[in-house]
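What follows is a group of structures, each given as structure tokens.
What follows is a pair of complexes built around chain A, which joins chain B in one and chain C in the other.
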Partner chain A sequence: MTQTLKMSVAAFALMASGAWAAQDSIIIGMQLEPPNLDPTGGAAAAIDEVTYANLFEGLTRFASDGAVVPGLAQSWSVSEDGLTWTFDLRPGVIFHDGTAMDSADVVFSLNRARAEDSTNAQKALFAGIADVSAPDASTVVITLDAPNGNFAFNMAWGDAVIVAPESVATNATQPVGTGPFRFVEWAKGDSVTLERFDAYWGAAPALTRATFKFISDPNAAFAAMMAGDVNAFPVFPAPETLANFDADPRFSVIVGSTEGETILAMNNANLTDVRVRKAISHAIDRQAIIDGAMFGYGTPIGTHFAPHNPDYVDLTGGSAHDPDMARALLAEAGATDLRLSMALPPPSYARRGGEIIASQLRAVGIATDITNMEWAQWLEQVFRGKDFDLTIVSHTEPADINIYARPDYYFQYDNAGFQALIETLGITADPDTRTTLLQDAQKMIAADYVNGYLFQLAKTGVADSRIEGLWQNAPTQANDLTGVSWRAGP
Partner chain B sequence: MIRALGRRALSLLLALIAASVVIFVMLQAVPGDPAAFMLGMNASEDAVAALRAELGLEGPLVVRYLAWISGMLGGDFGTSYTYRVPVAELVSERIVVSAPLAVMALVLSTVIAIPVGLIAAARRGGVADWGIMGGTQLGIAVPNFWFAMILVLVFAVKLRWVSAGGFPGWDAGLWPGVRALLLPAIALALPQASILARVLRSALLDTLDQDYIRTARAKGLSRRATVVRHALRNAMIPVLTILGLQFSFLLAGAIIIENVFFLPGLGRLIFQGITQRDLIVVQSVTMLLVFAVILVTFLVDLAYTFADPRLRRR
Partner chain C sequence: MRVSLVIGAMLSAVFVSLAAVSLLWLPYDITVLDIAGRLHPPSASHWLGTDHFGRDMVAMLMAGARTSIAVALVAVGIGIVFGVPLGLVAAAYRGTWLDEAIMRGNDLVFAFPSLVIAILITAVFGASAVNAILAIGIFNIPVFARVARGGALPLWTLDYILAARVAGKGRARISAEHILPNIANLLIVQGTIQFSLGILAEAALSYVGLGAQPPMASWGRMLADAQTMIYTEPQLAILPGMAIVLMVLGLNLMGDGLRDALDPRLRKAGM
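And now, the complex of A and B:
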């Protein structure tokens, strides 16, 4: 009896110390568990949410405002013709296994990513590379097939991080990178634990230990936050409860923006008449969707571009909610009795938003057949099979308007003028000209009513109010912990 | 007896083979390519093809089926597509959560159900009986995930006695582990205990009407001794049957409960495997669960013969 008593007292003490004393460790909640921890071998956002900037680093990296800043390369230069990029590597960079990082590792990483048998999910980032060479241990020279104004941006992606040939085979389960944290343990299905890496080249982070805990059920996420089991939930899955956290001084609600343009994608091969696509766009009431499906979080968009981007043009007026105009357009196009299939993937923006859009379309005389799908099925049937009329999806890749230049992309928009524009953009380095081109691109797809542009997905997170330094916005899907700390005090 | 056992073992084997074919074929028919899922929207065709080859997704159906089965027989459950580790390793990590949870829930439901059932039967028509019948009705009607959420809100969010979920691992010690499984086990056990108590009550009432009970009473045995020594033992057959069936309900219920309490158990592994199209995990774990259920049914059959000696002669 005394034995059990002692044990439970010890257990309580242990719990108490875990909950209150440790102010240099953090427990971060995430809805999805990463399938593996190798950012160069999978598309799952959860991989980057654990590893980006924490475990792995690339030549360049995204700062919290989305700017591309130096990473493992302290500087770089581009030749006059834009074909040769020379990266000057930081000295004294060490992998977590103690081996030094030099130009040979960079050459290996980039060649691996662009190889024939590469399973990199963003292989297109490396497609323009003709050759990678290392004149000395701290210099890497990359030759491109054609000038690419975006190359430094491409190298900042999580898929372009630098790995070592010695550890690459086991990165999926035992990741070895150059970041400020090193991998400690992965209790599969439960959590991943990281620890501060003392030999890090840069400024040491304030946290000594970080645990990512995986909680998929929104109710469980709410309970875990409320019970103090989790310190922060940067992408909180239960937006309907955010008001509770906002009212509670123990917590702060962090609302920011993401790179996710949420669209009602239309199959342009089925809906060939621009008047029908225009009618659908005018039938949609964006604010009703944001309020009804997203609890008011989200910024309306009128084209496929992020509103926080300096080059953004507000084109929402061109597809304002106007059911009368929608009906008139449909009558003009002779598209009465229109019946369209609508495929909805699992996220609530799609499932809840889809119901609202269906009723808005019904109001102008368009019937819809809704099919709920899991991601795997959506990828196969909608994205690859192009077997759909309408679908709702958030395009979370940053600056991805160039997908409209791919006629075989799932919404099948084929416009030679747009394709030429993107091609020009790719070889243009002058910032002013780039801005003009990007704005023309936004206007062109809006004028063609390629898709119904709904809203920019918000990033809504919850954190203990004593935590500072978490990213407010999500220029890429990451939980960069390098600047995170606990505020001293009560 | 031996021949009967042999017959049972043979039908057990046939059931396993049939189950393996059904599981394999059904999962082949599920829409969604695991490789395409893993690489996402920007993946190039050749990257997907390279991954498909790497995962061993190419080749004729029969060959892949036989490879899977022969691997399973040798203890090789395949390699998870998404986690890239052997499925056997994943299972052994998860079973240390799921098995104790199922056992705790089973024990808990039995420990609750037997006295409750006994009292209800002994006080048939009385206030206690009415109360128990009403309570167990409620216990069956309440969905266990809802009950689980209420438990979390009360004991984790309001009272802060336990954490809202998660599992510290057995390395953290026996008590923290048991403690983490306590609420989930209660949530799982309550509906089962209700069913079990009701079955036990009606089985007891049936036996209490039997002649041998009157004889036992007539020879001077107390009411209590009669119920415990004679009635309870004879009422065990239906109770055992229900216990056996409950085992599979516990496994199914664990999928939901493990999600509510974010426990890294087998149920969540399957759930995750399905959404991520980690078909080899789903396939092998489902097969393992089928095996467990069939085995338990077999053991329950054996237990009948202990509870009722008459069955031994058949």
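And now, the complex of A and C:
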């Protein structure tokens, strides 16, 4: 009896100390492990989810609402002709290895990113740069080939962060940046640990230590959250279990928006008849997909644009669920006995959504052959090989409507009018004209029924209810920990 | 009367008749999804409730039984059609190079873990029920070849076979007319056991997404689909899981019971 009592007291003491120690450290759960930790050398979202705003910073950065705010540049100005951008760097910024960050590092980073042999995943961000120069240690002047109203936005991407020439070679495994946290350890297959960088230029974050733990199995993620092994799971992989967390006062469910337009991509080279594509769009019941695949989390979209963007036009009415119209269109196009292949990558929005869409297409007389694929096979066969009729995927890059101007992109939409429109957009700086152009672009791809536009992926996260300051929305793939803190427990 | 045989036969009969009924009639069409009616608890209209796509669980389980039994049955058929003649030939020509070649070939197939190779086959040739049948069926061939050879060998030394040979019957005819009927009991017992293994293999392949593809129902895929909902909707995983357990248990009990009933030596000892 006394033995048991002693043991439970000891156990309680352990638990209590654990809870106390948790007040200034956090364990963040992520489904995928990053392949490396260099955001300038890889496309994986998981890299930015660990490093963005924590380890690395760029000239500008995204705030939690998607606005572009000053980063390492405290201010910037644009010349009259829109060609010359002058960035005024923040003084006293030092890298985690103790070296100072100055204009030479910026020149190096940008030139490296736009170089011929650059491995940057988003080289298009730097494509318009003609020259980068450093008149003095705290000023950087960037000259563009053509005016680009979006340049400050481009510089906020995780792919445009500033690195140091001394440490760039080892950033993949030993990242050295200017952020408020510095890299401590990467236990491959398990976790990445960061700790507070005391010489950070800005306000010190409340957390002293942060661990990103990689848990790929949704059930294990659920168990880890419930057991308190993980304090927050900002992108929780199983929307079906969110109701459990919602009902539990220990947790709060954070539902926000992402930049992920989830689409039923159609191979426009195979489905050349716009009436067939229109029929497929009308055969789809978006709300059924959102409810059935995402358990209600998601916003219907009618074009390839995020609904929270101020330039968004609601075009869902143009492809409303109308099986009769779909059947009529198919008959008109002479496309009876249509049999299409549907490739489904692993996420549940694709696997479950695919089954629902197959059932909806069957209702209007289109048969589908479903093939479930792993990401590697999907990238090889669908994305690069373009060997598919239909597929479901979420395009999570921000403001990516310009992919429709690339005729060799996997869904192979080739419209000279649209390409000209995007070209005009690229050299337009006037906000009102840009809005008009962006809205025209949205309407054009919706009228051409390029793809079936399903829904905007919701960001569904779970966190200990005492944690404050996590991003609700995902303007970019990031887990910005600078403003995260624990509320004093009851 | 043997209790295990009765229980096993009854359990198997329940699932086989459910599958047979599903060929003609299902309470609901499982290819029509009703998202608004998803995750309903059991009620008068849906006896076991509905799944995450609003499909009736009774209909899903019945259609799943049909898939499992069809896959396992054809796979066992492949094993018998190819394996038994191989085993009979090996026994008829025992000790010769032909016997050696057949049996070493069998050993080669046995050397591979069957489920892993089945996964390989379906991964290479594409995931479908047909490829799952082939993958499972191929591994039934050496099983039946061994059982047939093992059963046939002692028969070849018996007097009536000798008499048949003296009468001028060829080895093939003797195998077909005298050996095969006498090893039928062994094959039936083995067939029952392989049948239950086939159901497990189909469930396993479908669980990893390499078996029957949607909209075809499969117990293994029902389990996989329900996996992430095990905390919220446990019945979605428990029902197909129970179906697999009961079906396999029934077949194994029936196999055991049949062996006892059909083996003359055990019959004497047992009674």
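The working rule: the second predicted complex is superposed on the first by the 470 of 490 C-alpha atoms of A that agree within 3 Å, B and C clash if a C-alpha of one lies under 4 Å from a C-alpha of the other, contacts with A are read in each partner's own complex, and residues count from 1 in each chain.
FYI, a residue touches a chain if its C-beta (ideal position, glycine included) is under 8 Å from a C-beta of that chain, and two chains touch if they have at least 3 such contacts.
All values derive from a computational prediction rather than experimental measurement.
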In the overlaid three-chain picture, which partner chain does A:Gln122 touch, first (chain B) or second (chain C), both, or neither?
first
Please name the chain, chain B or chain C, that touches the greater number of residues in chain A.
B
With both complexes overlaid on chain A, does A:Asn219 touch chain B (first), chain C (second), both or neither?
both
A:Ala331 contacts which: chain B (first), chain C (second), both, neither?
neither
In the overlaid three-chain picture, which partner chain does A:Gly189 touch, first (chain B) or second (chain C), both, or neither?
first
Between chain B and chain C, whom does A:Val69 touch in the aligned arrangement: first, second, both, or neither?
neither
Taking the superposition on A as described, I'd like to know which of chain B and chain C A:Gly42 touches: first, second, both or neither.
first
So in the superposed three-chain picture, is A:Ile370 touching just chain B, just chain C, both, or none of them (first/second/both/neither)?
second
In the overlay, answer first, second, both or neither for which of chain B and chain C A:Thr173 touches.
first
Residue overlap on chain A between the chain B interface and the chain C interface 219
Applying the document's contact rule, which stretches of chain A touch chain B when the two form their complex?
7-8, 11, 14-15, 33, 35-36, 42-44, 116-124, 172-173, 187-191, 213-217, 219-220, 223-224, 226-229, 346, 374-377, 379-381, 383-384, 395, 397
In the complex, chain B residues that touch chain A:
31-34, 36-44, 46-47, 50-51, 54, 82-85, 90, 93-94, 149, 152-153, 156-157, 160, 163-167, 169, 173, 175-176, 179, 259-265, 268-269, 272, 274-278
Please output the residues of chain A touching chain C within their complex, sorted ascending.
218-219, 222, 238, 240-241, 243-244, 285, 287-289, 291-292, 348, 352, 354-356, 358-360, 362-363, 370-372
Taking the complex as given, what residues does chain C use to touch chain A?
31-33, 35-36, 38, 52-54, 126-127, 209, 213-215, 227-233
